[in-house]
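Structure below; questions to follow.
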């Protein structure tokens, strides 16, 4: 069984935010929610590196472990999804996630917080595939169409890879070997 | 449901097999393959299993009856391809032009949000003119009549060079050509566009 | 572009984005491709990784591109010519230049070397601030990694010596022998999506479509194409003088209204039409705003209201909502000279109309509809056909609408590395028929001036455009045609030859509408425009060889005497343009910091489109000024503080400080996409209700300084001075 | 004894102020319930620990077991404390005091009014809090989200309306030496006889309940406030806040149940006295022996 993964090649990521907008525009994510974002270290100095991060779809996902209502689950192919009909918006998954992936719509009154929203690997959600409900709550289901998630597909420099973990790993290791430098993908060796 | 919930998998069995190929031959071949197109990459990485299993779903396409229109991003001169998925005359979503020879599906944030040019709520909705400091909606007929009348008056009174035309680098070649042609027919060389900038 | 065109014939990117994949070295000066052309980075990074190509970035600012560079060089703004000529000098002194190439295909080399010899590494260090050792090192990298490509953008051109900068870079490539080869070339990344196409169609005040100029011959040529009487056309103008006189430019048209500088036109400008053009991208914006309020009529034709609508304070303004480019169709030319067909996605939304409709309606009301649309029945295909018919100089004549559409509809058949179709309906053709595409069967020219291919298969020599012989200032005479043995395979003449003419009597290849001349040339395996040498010396320019001249507002008053700017130009595009009289060395005392402007990836141009996109506005909601950590600390400015930036022209803006190491201690950087504020005041209420952009901010161009290029009058936004204070 | 406020005006003013505040809180609560699930406008980022340390799995190692343990901590209290009281009720039985004889105005109208407002809000907070704890059993989803909103909005209303009670009762709630003695005999509740127990206007048990409900309530509000905005603090701090919120909540829950038992079952008539304000003199003499009448 293929194991779905993301990998961001920091030697290639140029902080163009293409992935961020591709995700938002494609999935109709509201302003204020960021399923994916780009972080930059050492900005303006030699050693500046950018990295596009979202939910890493961990094998041993703390969010699943911590969810008090078991609204978060993992598909066979490793994609971690949330059932928005069950989620109560408690925020525990956010506290448990080392990547800050779970997102909550937040209003200005009393810290109002809706149900959790996060990267779906463009695999929709538990609602019927391609239904209106799925599109509204979770966004597109590109995996069901046999397509790559939008962020990776639209990555301007092909820095962001998505797909079967073995393949991705191979591609990246080959890139590294070709480069002859010791480039590392952050989170790769540890997050999976 | 197309998938099985793995709710209880607290300790997943998934494991990564790390292959470290330093054989340059292999490395190069595969590198070129992935560099070739992310379309191939999509097919490769998703694996047949997922796709096949999901094809059993009752609905096969999210937008039945839609068609793909090939177009070009309007944001910079790289000329990235865009595949616009159109259903019943509505641009429903932006597909990935992963087979475009220049962009290979890539977009920066502006291109990734190209659909917003059409769907933006901030678009001008109708012709307008300002009356006593307030914007007023007018019809196209009125607007064009008034604008053209006033332009012709100015031409009559001050000569053709009293009008300056600022054309655009964001329109098609045809339109840019017409803009230059219009200035010529109007009788002035006072036309310019962003390439000067 | 004028500098490039005057070196070897055409002012365009010589190779293509994809061709950068074959480069062994990438030299980028004044380009921030990571923000301005992110998708081009795909190919640049490929070359960097796969070819192990050094990526040399020369910029006053440590850009996002510099973060990916192998070698980053911080340069003082406005000193690019000195640095590049320094590299040329270093290369020539060490004998690293491509002697064979220069001997056969380059003119004026000894004269150029004579001028370049001034720029020793030490002199370069003094002018540019780049250590002499670094100059030597970069020169060595360039010499040892061939073919290398040179990439530049507005960072190199928006200077008072912008055309010298571009020529210096061309000379660098000639000296290295990197022209006409895959992986080499001068790749000038252009800004807007169709800026190449619009330039080719010459929406310019000094030329008719396809760079024909505005001399009588050009007018007659286009009158023939348009099928109108030349005399009628002449009658449209105020006088024949004004028919041949360059018009106002976008950079300075407002002087035709406010007349601060003396104008050379019989009337001031009374009306302006902005057709898809933002006003806040023009320098000294506060003066432009003054002009908007003096005009009788301002017409804005745009999908969004733009900053111009908000800046107009009077009742003289009309907004006509044109549709976006996705709601109309037509061909677009990318930076790589590729022509693609932008198909119509949906019908115009709201009550907007597409540009062709608006044009049609306006022309109807102007009363010359029958003449204007004489050959045009089907829109836009017939327009394409008409422009192809006339645009012989740049070989648009082969790019017929059905061919362009065929390419776009079959883009998957083109190879990524060569851009050549392998099989399929476009077999053997290059993607987008990169111009010149001489005939209806020509595959397009992927690399300009490449003599390894036959002309019929996309090869070309340098263009013979500047005569056949020239006598330099030192008395040396040189034959300008290419040397013996330089020819495209299959050429009848095995050496240089002048341009084709009189195949059809009384015409040359540029004016022969029957295209017989071009076809004849191709048949004989030769280029219609001749086969000549590229020029290192442009005798029609004020500086025959590019030399350094201090910016008008120089932060180094001590260098002004040694490298003074040009004398004032009395009639540059109908307006008096100050050079010498504007260069005031004492200015730096009151305005001690250098001001540069630039792009950010989230926004585009004047930002009307992108700031109206909620996601992009969310990513970059504020206008800011980048200020060095040390300078900020010295001035007591903290990250996020509001600061005032003031220009010598009394422009001032209130922006948020972004304290960063990207810029050095003497430099302030401003992104130029913002609008909707004016000198500390919000203009949000001036937009039509509901169309205010999500993000508004001060236009950077309120504080950009006086200063225009000597040839093209491009505005010098990358070399001004400013003062900074805490708000 | 009657609580004499300085003037009627002040009393009216206090009523007005706190009722307005409570009303505003209730309105706001109504607003958020109506607007629940709307698109947000802002979102704070959590600083991403760049280049996650190899110990990333340890990131939530303390947190996960704790969250799992919460229902396990709560249900024993819900089961065993009522069980103890059940045994008490049948083994020892409630205290009965004569309702004849002199009646003393024990609670003024003002205190009663605010007591009942607080009682309703507090009960809602406790019930919804329990619903959140046992959300899994209840199936999660909209029900629990609404419970969370009620929890949140009642907390806002409570923290406002508890202030007058706190001020009015503060003087009588200061711990006294005799409270130790009260503890030693467990308030006499283990004896069937109506013995005299050492206590002022309020006994030591009531005092504990008072301090837990007010100061403890404030702590609960503070921790809950920050937990409601999860982007406001780093993870470790949020975890500490959650720990405080849960553990303190356990104590409050325990005393809430005790308070319910005492007022509803253990002391006959106490419910009535909170409605009418009057207590029998015998009861006061016995249970609040040190109170000056």
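Think of it as A, B, C and D in the order they're written, each chain with its own count starting at 1.
Please note the rule applied: a residue touches a chain if its C-beta (ideal position, glycine included) is under 8 Å from a C-beta of that chain, and two chains touch if they have at least 3 such contacts.
Because the structure is predicted, anything quoted here is derived from the model rather than measured.
Number of steps on the shortest path from chain A to chain D, with steps defined by chain touch: 1.
A comparison of the A-C and A-B interfaces places the larger number of contacting C-beta pairs at A-B. Chain B has the C-alpha centroid lying closest to the overall centroid of all protein C-alpha atoms shown.
Chain A and chain C, compared by their mean Cα positions, are separated by 39 Å. Separation between the centroids of chain C and chain D, computed from CA atoms only, is 72 Å.
For the pair chain B and chain C, the distance between mean C-alpha positions equals 23 Å.
Residues of chain B found to touch two or more other chains are 31, 35, 103-104, 106-111, 113, 116. Shared interface positions of chain C, defined as residues touching 2 or more other chains, are 38-39, 42, 50, 601-602, 614-616, 619. Chains that are in contact with each other form these pairs: A-B, A-C, A-D, B-C. Within the complex, the chain A residues that touch chain D are 30-34, 37, 39, 41, 51, 53, 60, 62, 65-66, 68-71, 85-92, 94-100, 103-115, 186-187, 189-191. Residues 1-7, 9-12, 14, 16-22, 24, 26-28, 30-31, 34-35, 38, 41-47, 49-51, 54, 57, 59, 61-62, 93-94, 96, 98, 103-113, 115-116 of chain B touch chain A in their complex. Chain A contributes residues 1-3, 16-22, 24-26, 59-60, 64-65, 70, 73-78, 126, 129-131, 135, 140-141, 143-148, 150, 152-158, 161-171, 173-175, 177-178, 192 to its touches with chain B in the complex.
The part of chain D that touches chain A in the complex is made up of residues 28-29, 31-32, 35-54, 56-57, 59-60, 63-64, 67-68, 70, 132, 135-136, 139-142, 144-145, 148-149, 152-153, 156, 225, 227-231, 235, 238-239, 242.
On the side of chain B, the complex with chain C involves touching residues 31, 35-37, 69-81, 84, 86, 89-91, 97, 99-104, 106-111, 113-114, 116-118, 120-133, 135, 140, 143-152, 154, 157-182, 184-197.
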